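Comments concern the structure below.
Note that the chains are named A, B, C and D in the order they appear, and that numbering of residues resets to 1 at the start of each chain.
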Amino acid sequence: MTEVVATNETILVVGGGISGMTAALEAAETGKKVVLVEKRPYLGGRVSQLYKYFPKLCHPTCGLEINQRRAKMNPNLTIVTMAEVTNIEGEAGAYTATVKLSPRYVNDNCTGCGDCARAVEAEFDDEYNYGMSKRKGAYLPHVMAHPMQYVIDPRIVGSDDGQKAKAACKYDAVDLDMQEREIKFPAGAVIWATGWQPYDAAKIQPYGYDRFDNVITNVEFERMADPKGPTGGKIVRKDGKEAKNVAFIQCAGSRDRNHLYHCSRICCMASLKQTHYVVDAYEDAKVTIYYIDIRAIDRFEDFYQTVKAMDNVTFVKSKVANVITDKEGNPICRGVDTEGYHRYENTHDLVVLATGMEPSVAKGDFPVDIVINREGFIEPDAANGGVFAAGSASDALDVNRAVQHATGAALKAIQVVNRVARAEA
Amino acid sequence: MSDMNKAMVEKYRNSFLSEVEANVEEGEWVKMCMQCGVCAGSCPLGDAWEHTPQKIFMMIRAGKRDEVLASDSMWMCTSCYNCIVRCPRELPITHIMHGLAHYAKRLGIVPQGQPTAKFAQLFWDNLIKKGRVNELKLGLSLYFMNGFGEGIKTSLKMKDIGLGMVKTKRMNPMEMLGGHAVKDLSGFQKVIKKAQELEEARLAKHGA
Amino acid sequence: MADDKKFAGFICTGCGIGERLDAGQLETTAKRDGKMATCQQHEMLCSKEGVQLIRDAIDKDGATHVMIAACSRRAKVEAFSFTDVAMSRANLREGVIWARPENDDNQETTQEMADDYIRMACAEVKYMNKPKMSGEQALNKNILVVGGGVTGMTAALETAAAGFPVHLVEKTGALGGWAAKWHKRIPGRAAADGVGNGTNVDLPMPMDNDVEQMVAAVEASELITVHLNSTVTKTSGAPGRFSVDITTESGSTATENIGAIVQASGWKEFDASAIPSLGSSNADVVSNVELEALAKAAGDGPIKRPSDGKEVKSVVFVQNAGQASTAEGHLPYHSGIGDLIAIKQAIYFKAQNGKDCDTTILFDNLRTPGAAGEDFYRSGQQQMVIFSKGQVGEVTSGGNGATVSFKDLILDEEVKLEADLVVLDLGMVPNSGPDPYAANESQEGMTDEEKGDAKAAAEIAVPIDSILNLDYRQGSDLPQLKWGFTDSHFICFPYETRRTGIYAAGPVRRPMDIKQAQDDATGAAMKAIQAAVNAGQGSAAHPRVGDLSYPSFRKEGCTQCKRCTVECPFGAINEDEKRYPMFNESRCRRCGTCMGACPVRVISFENYSIDSVGQQIKAVDIPDEFSEKPRILVMACENDAYPALDQAAMSGQEISPWARIIPVRCLGSVSLSWVTDAMNSGYDGIIMMGCQRGDDYQCHFVRGSTMAAERMAKVGDTLSTLNLEPERVIVHEVAITDIERAPRLIKDMEEVVERVGMSPFKF
Amino acid sequence: MAKREYSFYPGCSSQKGASSSNYLVSVQTMCEELDIQLNEIPDWNCCSASIGYAGGGELPRLALSARNIALSEEHNPGQEIVATCAACWLATRETQERLQHDQGLLAETNTALAEAGLTLKNDAPIKHMAEVLIQDIGYDAIGAKVKKPLEGIKIAGYVGCQTNRPFGIAGESYENPKYLDKLVETLGADSIPDYEKKVQCCGGALAFSEPEKSQVMIKGIIEAAYDHGADMIVTPCPVCQMNVEVYQDQINATHGTKFKMPVVYYSTLMAVAYGRSAKDAALNGQVIPAKQLEALAGK
């Protein structure tokens, strides 16, 4: 496992999604030593699970490839995956971080050849596809995963499958005796970039996500559109029926005191983008977007106008009251179009919940003293010392705003370690 | 127009929203509505509403005082609380509807013959009399609330139901003669009277 | 010097390479055809021992050029990192064995593929050199910030806080910009932890304006030199060695040496005269900017309206005035913050003119995003601000001040609302300099006559003042992406511009409020510092940070055709007084578009050149016409198409055994000579895979993919003169996600070759 | 198991000769079996059941429930208040919360209560009987008492409105509460977990004033139960019980349906499952007889 060499001039970046990667790379490319700690077995975070970006409809993996290449090439950057920061003590310029390393059961010998995966039989829900498909008990999380190393699922470690994986590896890369361990190292400044998670749609009871197969979330829909995803890029329901008549329910969890107080900012644009997926997939597609306000902020406005102009897309200003299903399992959205008061009961093939962004770290779970607001996002505050939020840990942000914010966070951290350097010089 | 109604019109000339805020139960929540319409869609009796709650809130802000207060709509509330639990802004919509209804009643501008308005008044009168509701009297007074002829018709229509209830001892014709009551009836009535006075005084202060 | 070169080859036999291929033959190929002095096999070359084997060859045996035949160049990058030598990699794993089915029938062609990739990697490394620094570098820590508003001041303060000196240039006589004029600020923060829901809870309210404190901090900073009443009259040089003339109003000029630049030139208010129907001629119809002045003038007292000084008792905010609209003269985008401003200003009225002052905000979609935005919406509601979803038709004079006619979309009725004052939400127009490419682009597809008209129109139009006065071959200012915003990749790399070492920040980049502008300025300062540091080391800027190579050219061969100076997407190349290209190393992004442009093949990089690719093309063994083994050359963008092909192989897709794939930095670097050479040497088909071009281009080097397409459009003529079918050469747009499609495109070319026949040019 | 004591608020409809007097009978039987002692709040009054609003203003209506709480606090000190009627429970709990959050209203309320010599401390917890069963007793203990499992009976759990919203039972969702299904299963009967009308309003509040409108809603509730093959409907709410049960003939007449769906209380089911007589289970109180339960009780 990667050795962490660090000093008080080192910048610790917590979280290896787009924000954490950006902050880490910008600092490292300015000559600073950076340790990047990521909980997943690979970098890229949620962005690696997106098929396209709005508004350009380009591919997130394109930017990810560049960023991963930057990461591979940069000697200033140490990446630690499957690791979580459990404690940060000290003050700006002199922190000590405690990091818990979960066993990957695969060491750096791994060449990514895939022999272990072929040998193993057990299958589990694939997290990368939000459980919509299965993966082996020994697996490469996704085809662009960096580090390009396999992972052994802890659930097969004590089993025959675990032994098969070990036996299959010609390079002695499978190490079933690996244990969880803890490391401590110093850092001068900390960038907190733990990002977001999709709000648990099952909690939005009126929409029946936990009851109806054909009510899914926007992050699941995103995987569905991806040719690498669980349906090979086909917009289809679990029962195989083509989903041509798709409803998007905005603010599924956002702007709602029952769920998330805040507006998650991205969901309007995400649904407009996903509307393109449907319209591109089927000539006779029909899309309905139920919304309270369409928030296509500033430069994204024309993207909204383009979708609005499509003949087969309907916008309904209404928070859907509830979803029921008919006997064929078709979801029916019920509610009132508030523009002029029209009651509706619309049957769709598929309902996509535009679920919002929830901070990944729960309010009480920060391993460091930090000022948060009621939504659980980190507020910039002098009391945070040398800890700086980057990206969606600070607010519900889209990718470009997250990158922008993370770039600034890198400078904030550099200011601290430069002060340390000047003091030590 | 009742005197009180006139006074209120005068006082809140420009802002019906302020009037509602000051005089209607939970009226201070009306301003917080963001017009999502989830209440409208969630109402089990939705079809029966000329104006949905969300629309009523918009009408209040738009100063449509008479249209709101004289509306039949809030009397359609079944107190099912669907709207309350789904409202993303936590507006106590059920209570606001009750509050608007009550306020309209106070001002004397309830639509003629609104059955729920009558029933709700009867219910109140009934419970105040003895401290407990006398279902039989309530039922009968209800049947006759639209006049004797209508009452007979309704009674006949409801006859079978009444019979079923009597047979299962879930209705007691003897209740007509007296029925259940709280023992400290005078104490009970004093409490309610005092509460009414306090509320009147509070509103009068606002209304002054 | 050629004599110093020592070539060492290494072949990994792990991951099935040894089982699937005849490693002995590969070794022979490397030595015999590839002219490797030594060639060693290892069963796991990426292991510690394998890497040590290579290390020893370099350190002990003096190898200067290393050819590694193993997995894809995208894999095991950290292990195979030998920065002190020239290195090439032959992709035998993803590129050969994983892309081909494992059976006897295919054994021969698979081995041929592998042999060819060995030959190609050997040829490539032979023509590479380890890049050396040019020696023109020195760390220049001075950062220039243009614009003294909140964005510029923040950039200056944040830069100084990192220990870098700043020259801050402000056109007017005072720092502070627009924000100094604001009465109060949008709070920009959400409710504190523990605040509940309610009708009277502690939600953020408009904040006091703290611009004065910022100005004081700037003035107090020892590292910041403020130039008031000044503009940048000339910027020459390159990152690390910009020479910037700062000229005062009175005409005196100071010249400063600058490492990198932040352009924070801010915004202009949209001109309301373009929307006459909204009553812009009525004195009691004001813009949201004008309202700030009225509010400020009122102190904490009642806001009075301009026409007669009457205290305002009713005010209507008309949102999106001339914004988010496709109408002529309107803004196609939106300020994004107009609703937050309206809430803030409505609260002014509630606080200063009394709770009973009627404040109505007419919006279409209320844009209060994020945590802070949504809480500020609630805050406005708590203050009894009325929000109405309405479509405003017109604002007329009359009544008490103005009458707003709108359709109430909720109540579904036409409404006329009288108000003492109407406030228009006007958009923010970026204050950019003239776009260097505006004329070219707008004239594409025009007739000559139209071009003449356009030229005449341009002459009449008021010229836009330059911000930077760049002494660049390709114009005076930052190129614009859309609607005047000066960035180039605003999703993944929002700070990237098409001028290296110059970063835009604040509303010149996208409309934004103070908080966002402060965040944005901090990020831009980061990029500027980074650019200065990297320029000081001779290292390229994003995305090839760490690349020490730079373009050089053989002056004697140059015909001064200027294609390189015109086509460089980053305006890096100037012309010297003798009209030869001047490359300005630290402006260069190392994409190679100049190399692809050069008709006489005189431009090259140490590690990427006409030869390093051309010789690979030639190194491929071309079977004769009758062997029925066509050869298809694929030149694939290394960032998207090449990874797509890699991933195709990883996912079990087959790639044609006839394909020989060469990753290129950018399709823009592809020289026409490679295509003609390939045709001449008997390839049957050529595919170029680059990124999407056009308005929503995905080419990381912005114009590279477009340039390639333009150049290749003309290749048909060349083919015709050779009597070859034009469909043998094709350019495709391939995305990194085209895992299934990319191999299919090669297959399609197989079919083309089958149809039109093998190339007659096989020798 | 030690005896549990609660301060009991039966409500007007549970009184002798009132519409849910049968509910009270079965509740008493159930409590005997579960060793629960209900101490009736002396001299309790009507809660106004979220319909008194035309005549009563906010404060008078709050005063109604406040009086009940104050009486309970005085006479049954330290005991949690339990209601069996959804409307009673809701009105009482709502009053308590409103007065906890609004000190001004609380002061006024106390001024009014003083007229009858009462004071409101307002801190006695207020529970629905379903909460007592689920939270205090638990499914295991409920199941342990079963002597005659309700085998082969398919029962639609109809929760209705006010037992469910806005407070509901902790851990249950407003849209899909599962506790009746769990209870039904605990008693050995078959539940219908995807009964989609389980929280549909029956229009109880408007049953008298807008009968046509409420009967359309009732029709849907019964129809869906038939669609799922239900033998009967179980409910925790006296308004729901009465409304869904007694109008079936009228609905049949108006809509041409042939409904004859028994609607019973959970306490009825429990009394039968616990081996008690038809009388103790108040099966004689069914307008539409629950024959399967009668048969079982008669065994």
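The criterion applied here is as follows: a contact is a pair of C-beta atoms (placed from the backbone, for glycine too) under 8 Å apart; a residue touches a chain by one contact, two chains touch by 3 or more.
For clarity, every value in this text was computed on a predicted model and none was experimentally measured.
Undergrad: Which chain has its Cα centroid closest to the overall Cα centroid?
TA: If we average C-alpha coordinates per chain, A lands closest to the whole-structure average.
Undergrad: Return the chain pair with more inter-chain C-beta contacts, choosing between A-D and A-B.
TA: Of A-D and A-B, more C-beta pairs in contact link A-B.
Undergrad: Among the chains here, which has the CA centroid at the largest distance from chain A's centroid?
TA: Farthest chain from chain A, going by C-alpha centroids: B.
Undergrad: Roughly how far is chain A from chain D, going centre to centre by Cα mean, in whole Å?
TA: 45
Undergrad: Hey, how far is the Cα centre of chain A from the one of chain B, in Å?
TA: Comparing mean C-alpha positions, chain B is 50 Å from chain A.
Undergrad: How big is the gap, in whole Å, between where the Cα atoms of chain A centre and where those of chain C centre?
TA: Between these chains, centre-to-centre, one finds 23 Å.
Undergrad: What whole-number Å value describes the gap between the mean CA coordinates of chain C and chain D?
TA: Their C-alpha centroids are separated by 65 Å.
Undergrad: Specify, in ascending order, the residues of chain C that touch 2 or more different other chains.
TA: 197, 366, 389, 410
Undergrad: Two or more other chains touching the same residue: where does that happen in chain B?
TA: Residues 34-35, 55, 85-86, 89-90 of chain B each touch two or more of the other chains.
Undergrad: Provide the list of chain D residues touching at least two other chains, using ranges where the numbers run on.
TA: Residues 174 of chain D each touch two or more of the other chains.
Undergrad: Are the chains arranged, by touching, as a line, ring, star, complete graph, or other?
TA: Per interface graph, the chains form some other shape.
Undergrad: Write out all the pairs of touching chains, ordered by chain label.
TA: A-B, A-C, A-D, B-C, B-D
Undergrad: Applying the document's contact rule, which stretches of chain A touch chain B when the two form their complex?
TA: By the definition above, chain A touches chain B via 206, 251, 255-259, 292, 317-322, 334-338, 341, 343.
Undergrad: List the residues on chain C that touch chain A in their complex, please.
TA: It comes out as residues 14-16, 44, 46-47, 71, 74-78, 81, 158, 161-163, 189-195, 197, 323-324, 326, 332-337, 365-375, 389, 409-410, 412, 482-483, 485, 490-495, 510-512, 516, 519-527, 529-530, 533-534, 542-543, 545-546, 639-640, 643, 647, 650-651, 691-692, 696, 698, 700, 735-737, 739-740.
Undergrad: Using the touch definition from the top, list the residues of chain B that touch chain C in their complex.
TA: Its residues touching chain C are 14-15, 17-18, 21, 28-29, 31-32, 34-35, 55, 58-59, 61-62, 64, 89-90.
Undergrad: List the residues on chain C that touch chain B in their complex, please.
TA: 197, 199-200, 356, 358, 366, 377-378, 381-382, 384, 386-389, 408, 410-411, 415
Undergrad: In their complex, what parts of chain B are in touch with chain D?
TA: Residues in contact with chain D: 25, 44-45, 48, 76-82, 84-86, 94, 98-99, 101-102, 105-106, 110, 115-121, 123-125, 127-128, 131-133, 135, 139, 142, 157, 160-161, 164-165, 167-172, 174-175, 180, 182-184, 187-188, 190-196, 198-199, 202.
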